[in-house]
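What follows is a single structure, and I will ask about it in a moment.
Chain lettering (A, B, C and D) follows the sequence in which the chains are written, and residue indices restart at 1 in each chain.
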Amino acid sequence: MAVRVVIVGQGLVATHFAVGLERIKAGELEPYGVPLARYKLPYRIEDLEIVGSYDVDEEKVGRSVYEVARRLVGDILPVPETLKEIVVRRGIHLGSMVGLPFKVKGLEEELGSTKAAIERLVDEFKEMRPDVVINAATTEPARAFNSVDALLEAIERDDRDRLSASHAYAYAAYLYAKETGRKVVFVNVIPSPLARDDAIVALYEKAASLVLGDDGATGATPLTADLLEHMAERNRYVLSIAQFNIGGNTDFLALTVPERNKMKEETKSSVVKDILGYDAPHYIKPTGYLEPLGDKKFVSMHIWWKTFNGLEDELVVNMRINDSPALAGLLVDLARIGKALLDRDVKGTAYPVNAFFMKDPGPRGSRNKARIRAYYDMLQYLRELGVIEES
Amino acid sequence: MAVRVVIVGQGLVATHFAVGLERIKAGELEPYGVPLARYKLPYRIEDLEIVGSYDVDEEKVGRSVYEVARRLVGDILPVPETLKEIVVRRGIHLGSMVGLPFKVKGLEEELGSTKAAIERLVDEFKEMRPDVVINAATTEPARAFNSVDALLEAIERDDRDRLSASHAYAYAAYLYAKETGRKVVFVNVIPSPLARDDAIVALYEKAASLVLGDDGATGATPLTADLLEHMAERNRYVLSIAQFNIGGNTDFLALTVPERNKMKEETKSSVVKDILGYDAPHYIKPTGYLEPLGDKKFVSMHIWWKTFNGLEDELVVNMRINDSPALAGLLVDLARIGKALLDRDVKGTAYPVNAFFMKDPGPRGSRNKARIRAYYDMLQYLRELGVIEES
Amino acid sequence: MAVRVVIVGQGLVATHFAVGLERIKAGELEPYGVPLARYKLPYRIEDLEIVGSYDVDEEKVGRSVYEVARRLVGDILPVPETLKEIVVRRGIHLGSMVGLPFKVKGLEEELGSTKAAIERLVDEFKEMRPDVVINAATTEPARAFNSVDALLEAIERDDRDRLSASHAYAYAAYLYAKETGRKVVFVNVIPSPLARDDAIVALYEKAASLVLGDDGATGATPLTADLLEHMAERNRYVLSIAQFNIGGNTDFLALTVPERNKMKEETKSSVVKDILGYDAPHYIKPTGYLEPLGDKKFVSMHIWWKTFNGLEDELVVNMRINDSPALAGLLVDLARIGKALLDRDVKGTAYPVNAFFMKDPGPRGSRNKARIRAYYDMLQYLRELGVIEES
Amino acid sequence: MAVRVVIVGQGLVATHFAVGLERIKAGELEPYGVPLARYKLPYRIEDLEIVGSYDVDEEKVGRSVYEVARRLVGDILPVPETLKEIVVRRGIHLGSMVGLPFKVKGLEEELGSTKAAIERLVDEFKEMRPDVVINAATTEPARAFNSVDALLEAIERDDRDRLSASHAYAYAAYLYAKETGRKVVFVNVIPSPLARDDAIVALYEKAASLVLGDDGATGATPLTADLLEHMAERNRYVLSIAQFNIGGNTDFLALTVPERNKMKEETKSSVVKDILGYDAPHYIKPTGYLEPLGDKKFVSMHIWWKTFNGLEDELVVNMRINDSPALAGLLVDLARIGKALLDRDVKGTAYPVNAFFMKDPGPRGSRNKARIRAYYDMLQYLRELGVIEES
């Protein structure tokens, strides 16, 4: 019983997802980094099948995922031959790569309007019949619409400044679901607000579909959340938090552009007040780009607090984390869980799932919570729905 | 409605407890480091009243807690005058300080037998009428009896090698409870197995009393537990864990004696398998004594793991932690919760409380779990018993 | 034999200098952090005498250094009463504090022109008769002139955009030296290029005076220099260097203004190529402002390299450093050495001294070198000049 | 002009040395980690030729270095076929591997006496004609003799408790030099005192030969030396130093045996007083064995100090270091330098070389100094002797 997956943005995350998935299927890789690998879900990892891929980079469009993977991770990983069958299609750009050193061209440029591009996507989706569309594109500037009318109007007007590529893809997937009656899960692991956009959630609800998001929680932020919960539970008074991130992948390069950085800073900072209950002074943001670090970012964090008797304690965390594989591992479960939720008629969005997997969980206005709490709350939610079967 | 507390071991932990408590009562200190300070419990922090103190150090016996506190923490904290009223009494030694550079003498030496010493304690307890006895002595070698007969026999035979001071105090408190009908909570925050000793738990159950323990969870171990849970929830495969601890207080000095170190190593290591589900190779133990660090220990931890696609990530944690205040803050809640549990007829031991507060939670054979899980499980347990009142 | 010192910029550095100096004179403080305290110099620390202070902050002008010190460091240090005698005078602003949340007013605003302000300074200097003028103002945007004519013209035209306050002070001190025949040392420990400005060095040479600078080397940069030298000496191939700095003092606040940050980044980055011999990719700059950290900044550094057989090693350094006292300690020696060099007819600037004490040593075009090398080279230089007497 | 090298102890260090050397010769590896690779020495790296190898491990004796290397580093490095020609010979044991989980047998056991074993070595050396003998065996308990007579007597009496394998090898190399008139360099990179043993130095002087040692300085100790020098030059008062080391190679396994650990602790601790000028409290020793870390050890270091105005600063260093390649890189230069010194009639030992390359530099009673100083002092020494040619 296959779960058909289309990927948007054939960068490092999507490539690690594709390579890892095929290696697991081939029995040559343990599913480390896949959170629920030890539980019995309705869909096995082996059930996932990548049926399509989109990008706007001229170096990728028209190439197979195999070729892209060889170039991106061929030096550190074996790339399965099965990926030769998936060809990267031209997707929507809408300025999402502006300012980055890549030659890009979007469907909307080719076809003359965003609306035409969306229609093309819908046609292609009808042919590929995805159950899951995963948005793993590069961080882009984007704002929520919160009103369906406003969203539709922006598309109608072809307002390329207001519209983000993420919104266009999400809208295309919605149309596909509505027109075919095939439910779809849109998994958004970048900061663009989709699961936090009332408009998108309303549309997906109407199509008995599901949007999960936003901004996949890997690396430093979920760890910070758990560390702050650790402090809060002991009533330690956090004096300040500094968190630096530096890496050499496209996402870090993108974040040297100030407005993208801001996108990230917001999703990262919300954990502090949500978990501690007060807005401890903090500096939490992607800090810089340093090419040789590649995808294995360096993170440094400093937290200090008042303990009993007013004395001060101090904690420093340093990490080297493979950025993209961490997120790719989450995608394996997000796709499986998403499809299982659709089967159980869950629609709109699913906060208990978002709360564990996402930095900024939808729907709009939702609180961040410590990941460890979110994990157990999610397990219970999935058990109640029968998504996790007790062994 | 006072909660009457007797302290065993007037070292840094007990002194921080006494000083911090009096400062909170005087309104000059926020209760940071007291985990449940934000919840409404049946007993307020202000209800705690220290009515007695024991030690075997000739430098302390006969002096007031004020004098002891001035010497131990007078350079970094104001010492409340109210502590002048509590005089340190001579307690039981049973070799617990052997090998350390202190001049000590136990009641059993003064009175000729351990049994006589225990009887003296019972008499004094009858006079002081404690609700709570807190054991915060220096780490000592100790083994569980698990059989009440074996324990009684060791006392009868005055077997000073087999008996630990902790057991003697716990037994004295039990006798006091049984003979007076006043229930008592024995809070054991050192590694000696009491809440994990079937014999002690059985006796306390008989006296409608409660033993909470063992080994208060502060500093590196609970943080390690939460970090490992963080890994486990993402199915990251932990390759190894190294954790170093070095400090300059009496406890670190004590741990330079190998058999004491072993006591600590065991309570620290059990977290790994309990939380990860496999026994990842680890080196977790107090590493050394370095006098200038004083009570503010230095901790360094290295954890690395396999993530998705078999790649390796790495985490290093460094801390400077005030060892004793962290534990003292827990005592504030342990005393209040313990008394509230007694009021609700809880007896023997209380795993949900131990699981959060202790490194090696009783009863015998209990699992360690991530502190964040333990915290919420404890909150629920306390809510169901009405110990935490919903606001 | 007093060495008379005037301070420019009565901020944290100058205040630590003043407080520490008076405490050392009073015999209540060991001269830790004063590099050459263990050597016998022609002037003892006790010979230093602060005779004047300048600032443009309305909160400071007209107050005594004692009052300023009570406010800035009174919570952590005893402030000597002797500082009551030094009153902060109004200095030159020239936009050096623009964009910072302080109410400021410069002499040039009061007197109508920069030239008039400089003349006022010269008059005051003639009255105070300094041997040493120390520039410890907040980091400001500034560019070298390199031509005496261009500098004079900028003053003449009152070109407040082109002129920096640092240049105005340095010029005033030069005029004072020239007009009185009293030699002067201008010690510049901020990034403004003075010892690297050919114009300033030429003027000082003409007045038989000395400018030492630029940008006092404390904290992370000199340590980085020594770490890189450590790598270079083992022919380890450095793959990249990341260095983060975050703090809560005025200097960090100032560096949130991009053009100031750039001033700092340049002086910090030059170490890499100068020491390694190749420009290893690096990210080295003040990263952020976090108020609770105060003057004790947090530094995190990541360096990795190829070792023998092409394998990779990795180093992470984390620090908590009191920013201002570190620099204040250097001032003690810079003032003493500077005066001793004047006595020995050294003029212009003195590279061997700058190379150890400064992040960006003058004269223009000078190389950075590992501090440990610079230290021994400086010792030899000072020995040859008889500034260090062999014991 | 070949430099003929015999290796004692075909463990990880010797194997990295052999593999790296052949890869450099084959032009497939840059000589990173070879300190003087950038200088022109009388012997090029390519001139080094390994002509023999000794071990006592039954798994190695009789096998080729190629086979040993495949097993030890074959998973991370390509192993050159040229190593098939060197066969590991049986060497002297003298208890050096007692307590470790290896099946070993020494020549002295095979031949009946240590003297016979030494004679066998001398015969083999005569056949292999080494210029350099490198001792890279596992850390063993060993004590200096300091008297030639005492050494000779121990050999004569076959006193296997008193004699170390290192002494036996060094003595054999001496006899070979004396009997053939071929000078030899004995390079000792393990803690056994040879260059610090007056007896060994005297014998080598007599044979116009050279012993360099002891205990190759890689990893944490030379870095600590440079960090302490950094503190000393700023007159910072170091309050304490903690340094932890943990790894998974044979050397760390060996150091779980207390008396071996002691060997290491001594060579590591001597840096503190030598560099700071006072014995700052410290804990510096190999801390534990953790198998998965393999040869890439984890090091954590904590240093804090008093800075100006009596305030306290703090530094933490964490490293992951490939232990054996670092030492192997030094061997490349030690062999080349050693031979060049022989050519220039240097004999006995050479402190300026030892001071940079060794943790505990001979001759007996020599001071440790900061590596950066030692480096420049060595350069000057080598320049004066013409070993480094100016380019």
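Note that contacts are C-beta pairs under 8 Å (C-beta built on N, C-alpha and C of every residue); 3 or more make two chains touch, one makes a residue touch a chain.
Worth saying up front: this structure is predicted, and the values here are computed from it rather than measured.
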(message) Along the graph of touching chains, what's the shortest path length in steps from chain A to chain D?
(response) 2
(request) Among all other chains, pick the one whose mean CA position is farthest from the mean CA position of chain C. (result) B
(request) Compute the distance, rounded to whole Å, between the mean C-alpha positions of chain B and chain C. (result) 51
(request) Averaged over CA atoms, how far is the centre of chain A from the centre of chain B? Could you give it in whole Å? (result) 44
(message) Based only on mean CA positions, could you tell me how far chain B sits from chain D in angstrom?
(response) 47
(message) By the touch rule stated above, which residues of chain D touch at least two different other chains?
(response) 314, 316, 318, 320
(message) Which residues of chain A touch chain C once you look at their complex with the stated criterion?
(response) 239-240, 242, 244, 246, 281-283, 287-293, 298, 300, 302, 314, 316, 318, 320
(message) For a test of understanding, state which residues of chain A touch chain B in their complex under the given definition.
(response) 16, 19-20, 23, 29-38, 76-77, 222-223, 226-227, 229-230, 233-237, 305-322, 325-326, 328-329, 332, 370-373, 375-376
